[in-house]
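Below you'll find the structures, each written out as structure tokens.
Each of the two complexes below includes chain A, the first together with chain B, the second together with chain C.
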Partner chain A sequence: MRTESVVVRYLALRAAPFIQLYALYVLGHGEDGPGGGFQGGVIFSASFVLLALAHGWPFGRQQVNEKVADILAPTGALIFAGIGVLTMLAGGAFLEYGAFAKAGAEDPEAARLAAQHIGLIGIEAGVMITVAASMAILFFEMSRPPRESKGNDA
Partner chain B sequence: MDIVYVVSVVVVLVGMLAVLKRVISGPTLLDRLLGVNVIGTKTIVLLALIGFLADRPGFFLDIALAYALINFIATIAVLRHFEARFRGRASAVTEEEPS
Partner chain C sequence: MVMESLLLLILVGLAIAAVRSRDLLVATSILGAYSLVIALLWCVMDALDVGFTEAAVGAGISTVLMLAAINRIGRREATAQGPVLKPTLFSMQQRREQLQQPDTRRPRLIKVGAVVLCLLVAMALLYGAQDMPQVGDPDAPANSNPDVAQRYIRDAMHPDASKNIVTTVLGDYRGYDTMGETVVIFTAALCVLLLLRQAPMRREDEGGTDAD
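What follows is the complex of A and B.
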């Protein structure tokens, strides 16, 4: 059941993409500001909560494909662990991003820092995917309208 | 310049106290909701001011933006929760809140 207020419905529809954009901003600034993967994921899924509140549960559910969300949740964890294993394959410890640095770089310290940035953003992206998908799944499963049967939703 | 920010913080805090009085005393549900919403808006300003006081405006403005988003969503969520109570009434604003 969606709201009768056209203001809330219009605003929710227009604000949702900007909330998702802000989630990506929070993800990107996790190193030198407040934020990171978890916060970015929560803000990302908040846009779906807003859509479900303003346009009703079925509309919100349509925005998040159930199967895609179920697949994305473990995929993020896989990215996290996968980067850790990749660093081990590159010769470092688990999640030691410095191992990604090119061996023959003219400035080893700068190369190591750049590799650390890339690795950090990678695992943060994995965390964000997992958190966003899990939060969306949690919200939509807990707020499922009681009269709707389980296999009936799009 | 710091004294300007300190005075602004005090003014905003006094304003929040004034709105808090409305939140506590009501008398209707919508008064309280509006009061909570105004306190949330003032908190955003407060966060920005604290950011300038701490000389890290970028850091605190990020938090203020996220707070604004959550405040917006929370207000809509609470209003949706009480929507059924308002439905069918001529004016929910003038009526006393049922206990």
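What follows is the complex of A and C.
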């Protein structure tokens, strides 16, 4: 899977950073518009898919370290669950982000909503990390070229 | 309404084209277009978050994953002309006829029965859909429950709350479900990793080709 077209290869290389930037935009604006962690993660991994399609599987694989992706995939889910545990430690229910609010705030309702924003951003980031790493793993494992000679990958 | 009907008609056309295509690469490409039309349909119905997800996942990543699978299994669907038929079960005359007309292998009764069954199920679904509320009907039971939907909408309209109700529901009211969804994605990646990642060969000196 490697295209010979110089135009496609060049554009893929130049578009990838912007796709990743857009993924972060989608993550950051998920609270105020359509989008969020899931979509952001998928778009982020799509940049690596584009690179692998245009420049070949080995080049794409080089951009996504295998071990890093393997570690990041469960890390995102753990961030999500960890925020839930933190809210419990702060005295609330599981994933009750309002528990992060300071007790002696002037306006308890505003403090609760501000804490909710923080919690939402945290879990969305966790979702994005898991989804981006998982999609990268899914793509690179499913499209792995058959081994031609012995021991050419480690 | 016109827009939705047009998109639904395109959907039906794309679905028939995908089913009729014997080339899996063509069928996959058509399914990608199908997902994109569904994404447009969600946007027409004001479900922007769903449309966004459908475009990114359905038209993007899913299509690529299916292409990767085709890369492994080959792009041609098996036909009756392949090695499916055992020559010993058929006389040469029958086999020659079947080779000339590969699609008439199934008995007519099964074909007619399938059509009748599909029509019956379609009629049952249409009958059941008559009782469904209109899209976005404020009086529908799902939207008028004062303790669930009404409360979500009222609380999410607070000026300091996040402006996207979908995010509020997914992350806040249904945070536990969203966590499960994230774990499901991770589990899928884990299963593919365990099944497909080839372990580095350690027993090369024994001369075995155990990797395949």
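Please note the rule applied: the second predicted complex is superposed on the first by the 146 of 154 C-alpha atoms of A that agree within 3 Å, B and C clash if a C-alpha of one lies under 4 Å from a C-alpha of the other, contacts with A are read in each partner's own complex, and residues count from 1 in each chain.
The rule we apply is simple: contacts are C-beta pairs under 8 Å (C-beta built on N, C-alpha and C of every residue); 3 or more make two chains touch, one makes a residue touch a chain.
Not measured: the values here are computed from a predicted model.
Visitor: Between chain B and chain C, whom does A:E124 touch in the aligned arrangement: first, second, both, or neither?
Guide: It touches chain C, and chain B stays clear.
Visitor: Who does A:A46 touch here: chain B (first), chain C (second), both, or neither?
Guide: both
Visitor: Please indicate which partner A:I137 is in contact with in the superposed arrangement: first for chain B, second for chain C, both, or neither.
Guide: The answer is second: A:I137 touches chain C but not chain B.
Visitor: Tell me which of chain B and chain C touches more residues of chain A.
Guide: Answer, by number of touched residues of chain A: C.
Visitor: Given the touch rule stated above, what does A:Q20 touch, chain B (first), chain C (second), both, or neither?
Guide: Touch status of A:Q20: no partner.
Visitor: Counting only touches as set out at the top, which of chain B and chain C does A:G35 meet: first, second, both, neither?
Guide: Touch status of A:G35: both partners.
Visitor: Please report the chain A residues shared by its interface with chain B and its interface with chain C.
Guide: 26, 33-35, 39, 43, 46, 49, 53
Visitor: Which residues, counting only chain A, touch chain C once they are in their complex?
Guide: Counting only chain A, the residues touching chain C are 1, 26, 30-36, 38-39, 42-43, 45-46, 49, 53, 70, 73-74, 76-77, 80-81, 84, 94-95, 97, 109-110, 113-114, 116-117, 119-120, 123-124, 126-127, 130-131, 133-135, 137-139, 141-144, 147, 150-151, 153-154.
Visitor: Going by the contact rule at the top, pick out the chain C residues touching chain A in the complex.
Guide: The touching residues are 48-49, 51-53, 56-57, 60-61, 64-65, 67-69, 71-72, 158, 160-164, 166-168, 170-172, 175-176, 178-179, 181-183, 185-186, 188-190, 192-193, 196-198, 200-201, 204, 211.
Visitor: Which residues of chain A touch chain B in the complex?
Guide: The contact residues of chain A facing chain B are 3, 8, 12, 15, 19, 22, 26, 29, 33-35, 39, 43, 46, 49-50, 53-54.
Visitor: Show which residues of chain B lie in contact with chain A when the two form their complex.
Guide: Touching chain A from chain B are residues 58-59, 62-63, 65-66, 69-70, 72-73, 76-77, 80, 83.
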